[in-house]
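In what comes next, chain A is part of two complexes: it sits with chain B in the first one and with chain C in the second one.
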Partner chain A sequence: MISVLLQKRLKSASGDMQLDVVFEIQKGQLVTLYGKSGAGKTTIFRILAGLLNPDQGKIIVNDIFWLDTEKKINVPPQKRKIGFVFQEYALFPNMTVLENLNFALGKNKDDGFVKELVEIVDLGDLQFRKPDTLSGGQKQRVALARALVQKPEILMLDEPLSALDFEIRNKLQQYILQVHREFNLTTILISHDISEIIKMSDYLIELDHGKIIKQGLPTKVLTHNKVSGKFQLHGEILAMVNQDFIFIITVLIGKEIIKVVADADESKKLNIGDKVIIASKAFNPIIYKID
Partner chain B sequence: MNIIQGKIVSVNVNGELSLVKLKAGEIKLTTIVIDTPQTSSYLRPNHSVKVIFKENEVIIANAINCSISLQNKFYGEIISIESDKLLSKLVIKTSVGNITSIITTNAVNQLDLQLGKMVTAMIKTNELMLSE
Partner chain C sequence: MDWSPLILTFKLALITTLLLLVISIPLAYWLAYTKSRIKPVIETLVSMPLVLPPTVLGFYMLIAFSPSNAFGNWLDEWFGLRFVFSFEGLVLASIFYSLPFMVHPIQSGFNNLSTSLKDAAYVMGKSKFTTLFKVLLPNIRPSLLTGIILAFAHTIGEFGVVLMIGGNISGKTKVASIAIYDEVETLNYDVANMYSLILFGITFMILLFVYLVNGGYLKRFWQ
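Showing the complex of A and B:
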């Protein structure tokens, strides 16, 4: 289990902000930090990694203190067992895929594990290639494998997939879930993508202005009113057309486009680009098998 | 969306389904949901809930006491009618508040629906959603 208690005064573009969070993460969970830019998500990552010191705080990872400002304990970054994946791949361009992984492993260590990782994230055919000959999705697979070579206790993913298109993102989500389960990792993800959050996370922590405003099961945190309708989809409004007393609202859900009819008065509160929940009773939709 | 306040009277569970009987004022309502008191803590007698249904699911009948399978019936006066080419929007003043119905303009003409007329607004059991 990971226990985190952090306080830090931060200067941001919109003035000072007090980061003040307390949370626990169970071993083996995949937890997502969610919130607007500037809410403090990446700052929490930097503090967990030891790259930034809080004014006050404690970080306890599986009963070991990584940080305790009162007792002046502060384990240096290289001794904290953390794997990092960012949106930028940060691979060494002069090294092949395999060399990048071996370099991260360090000298005189067992490269059997590197071979295992290469298998799991399907890098076998690419292992002797240099990063600049790889696609974005392939580079991110290398970055994921590299984050794991040191067998981290925590895998931290800072919007790792936001630069990738939908298909590739979908595949990488599968790879991440696979390594997360296979190595029984404790994983913390920063994501803005609602479908990604619901698909991947066991637990969601929503931050605003440095404070936790909501936490719990992702579907509960993201569903603002508990409607009994079992047919609930999260999407974004693409278009709205007024006709008679109704609006025909076009909503993007994942990569599918659907249309929903809503009362005209209600639709006045909606705008193109709004994030919405589409709810219906499970009795209404019909289901077809695709041949 | 029509939203009215109701109070749960009874919850009859079978497997994953619950048949929920409610009261909104003096009016009895029934809905069926894929939830049980275990999955949704608010599904208990005496709990207040919001009953939600869409305008286009509201059926309008001229008759007052029609014998029909629909379980959810609201009697009231038409206080507003707006008609367009295909669709019309009616507001019916009932004892639990105003209920909006969107039906075809053809139906409005066939039933000769006019301001001040008393009608019954009805909703099928599986169209009512509940919310805390």
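Showing the complex of A and C:
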């Protein structure tokens, strides 16, 4: 289990902000940090990894203190058994894919696990290429494999998929879930994407201005417990068209577009770009096979 | 024609550049990553030779290292080092004089490198030393090359500081730039012209080489 208590005064573009969070993460869970940019997610990550020091705080991982500002304990990042996947991949441009992985492994160690990882994330053909020649999705697979080379206890992914298109994103989500389960990791993810959060995470922590505003099961946190439909689809409003008394609202769900009817009262609360849930209770779906 | 001024010039430039590289990598690293409050002061000191007349630097070094002064005397007695009117003095003066030309490119190389490279190496358990030599330096090769070449070429071109602290001792401190001045004074325009042409040619080639390498022209040519 990971217990975290952090306080830090941050200077941001919109003035000073006090980061003040307390949370726990159960072993083996996949937890997502969610919130607007500037809410303090990446700062929390950097403090967890030991790359940044808080003003005050404690980090206890499986009964071992990584950080205790009162007792002046601060384990350096080198000793924190963390796998970190950076938003911009951070692959070493001077090394090939395989060299990146072997560098993470260190000298004189068995490279059997590296070979295994290369298999798992399908890097076979890319091993001898330099990172600059890879696509975003390929780079992210290398970054994921590299973060796992040292068999970390905690895997941290800072918006790993935000720059990728839908299909590659889907595939990488599968890779992440696969390694999370296979290596029995405790994984912490930063994500903005609601469908990604619901698909992947066991637990969700929502942040705003450096504070935790909600935490719990992802579906509950995101829906505010108001809906209990049988069908729930998460999407984003693309367009709203007023037709006499009703509004036709176009919603993007995954890569499908769905049109929904809403009355004037309902649509007052909605705006283009809002994240929404489409739910239905009395509903009889029919399934057709597609050939 | 006496070749010794040219040989001396390139010997001076080579030794200065090597020593500068050793000094500038840690200094540029510190300047790029420190949050210390004295950073602006150090940055200013490093950049001073860019704007200060070389004679000012030479003058104060001459005063400081003169054996008739306490500091110069102490160096002479304890280490047998005499920096005034000696080749060692030229090297020391050149190091100060060319310092910004080596430090600035390396420092901006570090600054332009994404900090996540450094962070990624630390999280992998790599020490600062390993990270510097295996990750940071190999990825700022163009900056290192620029620094090396600029420091080398600039040392070839220095005049005032060398004249102040080194004087004009043939075979010992008389470098090409001073020899040219010397020959012009005695109206030996032919010899001055030879020295000048050689310096012009060599510095042109050196700088052209840097632009070709850093611009990726050589790579394209080989492929």
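One rule holds in what follows: the second predicted complex is superposed on the first by the 285 of 291 C-alpha atoms of A that agree within 3 Å, B and C clash if a C-alpha of one lies under 4 Å from a C-alpha of the other, contacts with A are read in each partner's own complex, and residues count from 1 in each chain.
Everything that follows uses one rule, which is that contacts are C-beta pairs under 8 Å (C-beta built on N, C-alpha and C of every residue); 3 or more make two chains touch, one makes a residue touch a chain.
Here the structure is a predicted model, which means the values were calculated and not measured.
Novice: In the superposed model on chain A, is it clash or fit for chain B and chain C?
Specialist: In the arrangement built by aligning on chain A, the partners chain C and chain B fit side by side.
Novice: Return first, second, both or neither, reflecting whether A:84 touches chain B, chain C, both chains, or no partner chain.
Specialist: A:84 contacts chain C only, not chain B.
Novice: Nearest 10 degrees is fine: what angle do the Cα centroids of chain B and chain C make about that of chain A?
Specialist: 150
Novice: Looking at A:74 after the superposition, I want to know if it touches chain B, chain C, both of them or none. Which is it: first, second, both, neither?
Specialist: neither
Novice: State whether A:106 touches chain B only (first), chain C only (second), both chains, or neither.
Specialist: second
Novice: Identify the partner contact of A:127: answer first if only chain B is touched, second if only chain C is, both if each is, neither if none is.
Specialist: After superposing on A, A:127 lies clear of both chain B and chain C.
Novice: Looking at chain A, does chain C or chain B touch more of its residues?
Specialist: Partner with more touched residues of chain A: C.
Novice: Taking the superposition on A as described, I'd like to know which of chain B and chain C A:49 touches: first, second, both or neither.
Specialist: Only chain C; A:49 stays clear of chain B.
Novice: Report the closest approach of chain B and chain C over their C-alpha atoms in the superposed model, as a whole number of Å.
Specialist: So the smallest C-alpha gap separating chain B from chain C comes to 42 Å.
Novice: Which residues of chain A touch chain C in the complex?
Specialist: Those in contact with chain C are residues 46, 49-51, 76-80, 82-84, 86-88, 90, 92-94, 103-104, 106, 146, 149-150.
Novice: Spell out the residues on chain B that touch chain A in their complex, using ranges where they run on.
Specialist: Touch residues, chain B against chain A: 1, 32-35, 40, 42, 52, 54-56, 82, 84-89, 100, 102, 126-127, 129-132.
Novice: Flag every residue of chain C that touches chain A in the complex, lowest number first.
Specialist: Touching chain A from chain C are residues 114, 116-117, 119-127, 134-135, 138-139.
Novice: Which positions of chain A touch chain B when the two form their complex?
Specialist: 225-230, 244-246, 261, 263, 266, 279, 281-284
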